[in-house]
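First chain A sits with chain B, and in the next complex the same chain sits with chain C.
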Partner chain A sequence: MRKKKNSEIGVLSQLVKTPSGLIGTIIIALLLITAIFAPILSPYDFSTQNISERLSGPTSEHHLGTDHLGRDLLSRIIYGTRIALKVAIPAVIISLFIGVLLGLIAGYFGGIIDYIIIIILDTIQSLPSIVLALVMLTLLGPSLTNLIVVMGLTLFPGYSRVVRAQVMSARQELYVDAEKALGAKPLRIIAGHILPNVVPAVIILSTMDLPAVITIEAGLSFLGMGVRPPSPSWGVILNDGFSHFRQSPWPIITAGAALAITTFGFTLFGESLRDILDPKMSGMDS
Partner chain B sequence: MFSYILKRVVSTALVCILLIIFLSLLIHIVPGDPAKTILGPRATPELIEKIHTEMGLDKTPFQQITGFFLNALHGDLGTDVFTGRPITEMIMDVFPHSLILTTASLLLAVLLGIPLGIFSATHPNTIGDRILAFLSISFITIPSYVVALIFLLIFSAHLRIFPVIGLGSSGNVGDYIMHLIIPALVLSLSWVGYLARLVRTSLLEVLNETYITAERSMGIKNRTLLFRLALKNALIPTVAVLGVGLGKMLAGTVFVEIIFSRPGMGTLIMKAIQNRNYPVVQGVSLIIALWFVFANLLADIINTRLDPRIQIGKTER
Partner chain C sequence: MKNKKLFKGVLIICAILIGLTGCSKEKESAAQKDGPKILKVRINADIKNLDPARRYSRWDDVISATIFDGLVSYKANSYDIENVLAEKFEISEDGHEIYFKLREGVQFQKGAGEVTAEDVKFSYERFRDEKTASAYSDDWANLDHVEVISKYEGKIILTEPFAPLMRTTLPLNSGVIVPKNYIEKVGLDGFTTDVIGCGPYYIDEWQPDQKVVVKKNPDYYGKAPYWDEIQFIVISDNQSAEIALQAGEVDFAEISTNTVDTFKDNPDFGITSNSDLDYRWIGLNVENPKLQDVNVRKAIRAAANVPDMITAAYNGMVEQETAIVAPGLLGYWADAPKYTQDLDKAKEYMAAAGIDSLDLEIAVADTSEYRVWAEVLQQNLKEIGINLEINSMESGTFWEIGDGDKGKDVELFAMAFQMQPDPSWATMWFTSDQVGIWNWMRWANPEFDELHKQGLSETDDQKRQVIYEKMQKLMDDDAVAIWVTNGKTYFAYNAKKCSPAMTPNNSLQFRFFSAAK
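Here is the complex of A and B:
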């Protein structure tokens, strides 16, 4: 049996002992602080235009330069952190709910129900997530809410697969048979015995999904199908920079760096967490 | 083994059918009349009716699905309402460019990723290994469009060694290849990191197996061991990943093609999306998905032949 009750503090202290866990934790902490205190940290309003200072490089007034409308890039990047997390966290929660539910159903009942669910998962995953999201957003129209829903619907198969596999192996365990023999209802067995077993895997997967969602969100926004301007999504900033890349490299450099650091930090965090919570999963990459 | 392959083929066929149904239903999920959306202010009752007939919207949904399905089986994906061109023809025009880009990136990923992985595995926990581990994870996590934009900045604005925009002058193979290098490198980068890590892990695993230790104790040279015995086994998971990679990369071309203004599947679907040209969106996504499904199936079959242990773990499906 797994040794349980390693409290959150325990996991965190283990996490910061490895260099990659420490770097990941620091980056995520900084991101959260930036997102929460965005109004205090940003030197300007993210949408104030100043055409006379457009597309400037870093100066003493604008530490990261300005964009094509003379807006302060540092402030836009800081507010962009909010958008990245505002899309990624609810999207992961939605896919987690749908995914875990379907995975439990497939794994517990097996047979034809399982087969149907697996075929549906295969179908959804046969469309690469960026294409599936693009197609759905074409139909629904680009907006923050639609983006969150679409991303949730795109990514849930990953959770279903992990949960299904865990349920299938848990089903083989003797104690589940014993419960069944004692007349326990399926719901009770799932909630009482199977669900606790899948929690570590699901936590790991959702931490690993956050950078993926952030990448897709910024990508869709870059293509004009996600968060709409003037919202300072990093993808929107990249798109502005792409339209004016011959005049100034700074929008691309700053938004690109923000994205790279964020996805890097979340991935390091996720992988370190995986090594601690479930060493068996180390070989498995999503 | 054959029953496993048969099962995979059957579920692949089912996935394809569901996919076609899903994509042909798309038009009906659209709020409002697609003909009106396409025509915009130009909409007159006659034009709307014309488009309805052309897109088959005057038929029942069931007839439309079966129609799209049967036509798709014959390789006919419908007609583009804007230009009147067959969609299959439009796809065939640009598909080779995306395919060449994908293949070139995969080749680069193999040429760079596998040697890096071998180096890491043969020098575990050295400085070089640590640096490579850091680089690999950076390559994997940094979004491809960020890399593409940075390369665009470097090569088109400052360092003009490689041309990066467009396909090059038509008919000039050398120019085409020159224009291919940077986009292919961008697309391959995350797979370089991925392969380097994968090869490192699987090679280290094989090198620690008892039979390798036994061979070593019999005096067989390390180099021979590495290339004759260990590498062969360590590369099995790589083949599976490459199959998945071949499928996934076609979708990855979307960003690279748009940023470097290359014609291809990515630019085609993006233009169709911007014009709300649903039949083209439908056709292109179907091809991208089918490509992915078959690349996976192929990788699975090759893998089963290489490593018979696999099917035992998967017979549950």
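Here is the complex of A and C:
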């Protein structure tokens, strides 16, 4: 059996060798660049209105046209990338943190603790995530921070389940028994031996979750429960465009395309990463 | 031989089956033709309370108008008045007394008894009863009492003549008759959505946030309406409503100004519109510490670019509104200032208030119309150092933010009120009694209150004109509102199925809706 290179550079070089991995990596790189350099890249301020030029198609001044308030769509889409990542990355980190923690606890200690945690996970997972997020946002009120927290809280059970399963199987390993016999504390066993084993699975899962979070954010913003105007979330652009799509289809086309490309990029990236890091998981849906 | 018989048998069975299916198909189409005639109407918000004294929204108004009858009412498509429950109806010369004689034998729906003069007395006097807590008590501001002469006869006694009585009180929902005995039995809480009237329709079903169904009252004494059943289906979003209309899921719907042309070009649909009397505005809560200074309010008004709001929100298809009473009505203030953006002036006001930056919030119901206003205003205010947060909320939540003391926290809000063709209908919501009810600006001005009272009892139109102009000037001086537009409501309907009816100011008269013409 060929030994797997698990260093970061090794993974990346393997990733770009496959076409899907390459495309995914390029898309994500472009997204990150767009998000970081948004102020430099966008030709106009995303909130400056020019009512007399509203709902125009692409022109030499506005490369993607303007929205119903005459705001430059290109600039809004570019800043929209920022919002998508600003929500998705922290939300995934939150769910990662809570999810891994609960998964470790449940898997390692088992018994009644495991039972309670599983009930919590089942309860959350039994509700559709967008509906749960809607309910929580209605109670908390829409804002960027609330959005991030709510998304984090709705998505963590996925991580917990994966981690729990991995921990349970790792717990049976001989070296864990040996470590226990040597008098190691649970914390040491978890941190030193079990956690490293679950990292690949969790990384894959979070890459796959990012596009899901971006889509849910857009969905919630579309419904008016996400970021507040004039923040140019793609969902907001879609919603505004929807009200005027008979006059100009460009807001819908551009925001829809941005959303589609992003989701596509992350999915390709995540799947390729999975094939490299954990071939066992191939064919498993996130 | 056996086989032949079998073959014959199969043939016969086939023939019978074919005959049966043929029959059933014929029956089906016959049933469709003769089945109940159902009209499906889009409403953009759910009903809250159908009790005429405690009605809440425009749809409460419109739907309860199908269930209740009054002594008199507007005729179809007009402001002409005709007798409905009243057989005789006479106003005394001094305007203090109105004599009425009811039709005999008119029954309330669902077996709630006969309509008598006692019910009339109860129906009108409850508006002034504190227990009812009617937001519409001013519709009966000058009511002294109703005198019952006999089972079917009575007199409405006024303290002073009351100008809006024949314009907006009696012909509309504040003039309808409710069953006294029934309400006394079930209490106010039992008379909210499950109401009983004596009108052409009775309420059959209410599925919250889904639909309200009214069915034809089989015992109706008057001319039977054309539609057997009207379903009012809640679709809050205009786009979804337009799609539903095109898909035939609803037959009648309010549409946005952006899509009027699409429906106009399609021969399957009819369009009806009228300039509204409604008034739409951005209100400023004067009790909020941030907005207490009139200079701050004037700065906001001077910075606001209303023409831009109109272009962006209505495709420029409506006119800017300059004061609360719409053009064409008694009380219209023709010389009202028409505010356009003046940033220098706005900055001067800010300087006079001694403020160079401010954080404010505008509450809007989540529709594209109000969101656009808010976003334009947000941009306008940025230029004078005011950071405006937009808090858009679901319409049910929005309509409660101004209630009671909770309303003190409101800062700016986008709002639209329905109007009836008497100026008192515009001013009655901004008296000090209405603070915490509908006066979300929480503006209390004793002179305004006094003028409102005068306007109600003055019967000379010229004098009333002066009174209402003065009142609008008071509002203008205190900069409590940025008037946006009276609007224009466009309705599209399935022209092959129905033909609508409404008063000249777009109050829908579903009882007069008929088949396609």
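Note that in this section the second predicted complex is superposed on the first by the 281 of 286 C-alpha atoms of A that agree within 3 Å, B and C clash if a C-alpha of one lies under 4 Å from a C-alpha of the other, contacts with A are read in each partner's own complex, and residues count from 1 in each chain.
FYI, a residue touches a chain if its C-beta (ideal position, glycine included) is under 8 Å from a C-beta of that chain, and two chains touch if they have at least 3 such contacts.
Computed from a predicted structure; not experimentally measured.
Novice: Following the overlay on chain A, give me a clash-or-fit verdict for chain B and chain C.
Specialist: clash
Novice: Mind working out whether A:47 is in touch with chain B, chain C, both or neither, as first, second, both or neither?
Specialist: Once the two structures are laid over each other on A, A:47 reaches chain C alone.
Novice: With both complexes superposed on chain A, which partner does A:120 reach: first (chain B), second (chain C), both or neither?
Specialist: first
Novice: Contact-wise, after the overlay, does A:32 reach chain B, chain C, both or neither (first, second, both, neither)?
Specialist: It touches nothing on chain B or chain C.
Novice: Go through the superposed model and pick first if A:242 touches only chain B, second if only chain C, both, or neither.
Specialist: both
Novice: More residues of chain A in touch with chain C or with chain B?
Specialist: Result: the larger residue contact count on chain A belongs to B.
Novice: Once chain A of both complexes is superposed, is A:260 in touch with chain B (first), chain C (second), both, or neither?
Specialist: In the superposed model, A:260 contacts chain B only, not chain C.
Novice: In the overlay, answer first, second, both or neither for which of chain B and chain C A:178 touches.
Specialist: Neither partner.
Novice: Identify the partner contact of A:138: answer first if only chain B is touched, second if only chain C is, both if each is, neither if none is.
Specialist: A:138: touches chain B and chain C.
Novice: Of the stretches 22-30, 40-48, 238-246 or 292-300, which one of chain B hits chain C?
Specialist: 40-48
Novice: Would you mind listing the overlap between the chain B footprint and the chain C footprint on chain A?
Specialist: 138, 224, 242, 246
Novice: Which residues, counting only chain A, touch chain B once they are in their complex?
Specialist: It is residues 118-120, 122-123, 126-128, 130-132, 134-135, 138-139, 168, 211, 215, 218-219, 222-225, 238, 241-242, 245-246, 249, 252-253, 256, 259-260, 263-264, 267-268, 271, 283, 285 of chain A that touch chain B.
Novice: Could you pull out which chain C residues touch chain A in their complex?
Specialist: So the residues of chain C in touch with chain A come to 238-239, 256, 258-259, 262, 308, 311-312, 315, 366, 368, 371-372, 374-376, 378-379, 389-392, 394.
Novice: For chain B, which residues are in contact with chain A within the complex?
Specialist: These residues of chain B touch chain A: 11, 14-15, 18-19, 22, 26, 29-31, 137-138, 140-143, 145-146, 149-150, 152-153, 156-157, 194, 198, 201, 247-248, 250-252, 254-255, 258-259, 269-270, 273-274, 276, 278, 281, 285, 288-289, 292-293, 296, 316-317.
Novice: In the complex, go through chain A and note every residue touching chain C.
Specialist: 47-49, 51-52, 54, 68-70, 138, 141-142, 224, 228-230, 239-240, 242-244, 246-247
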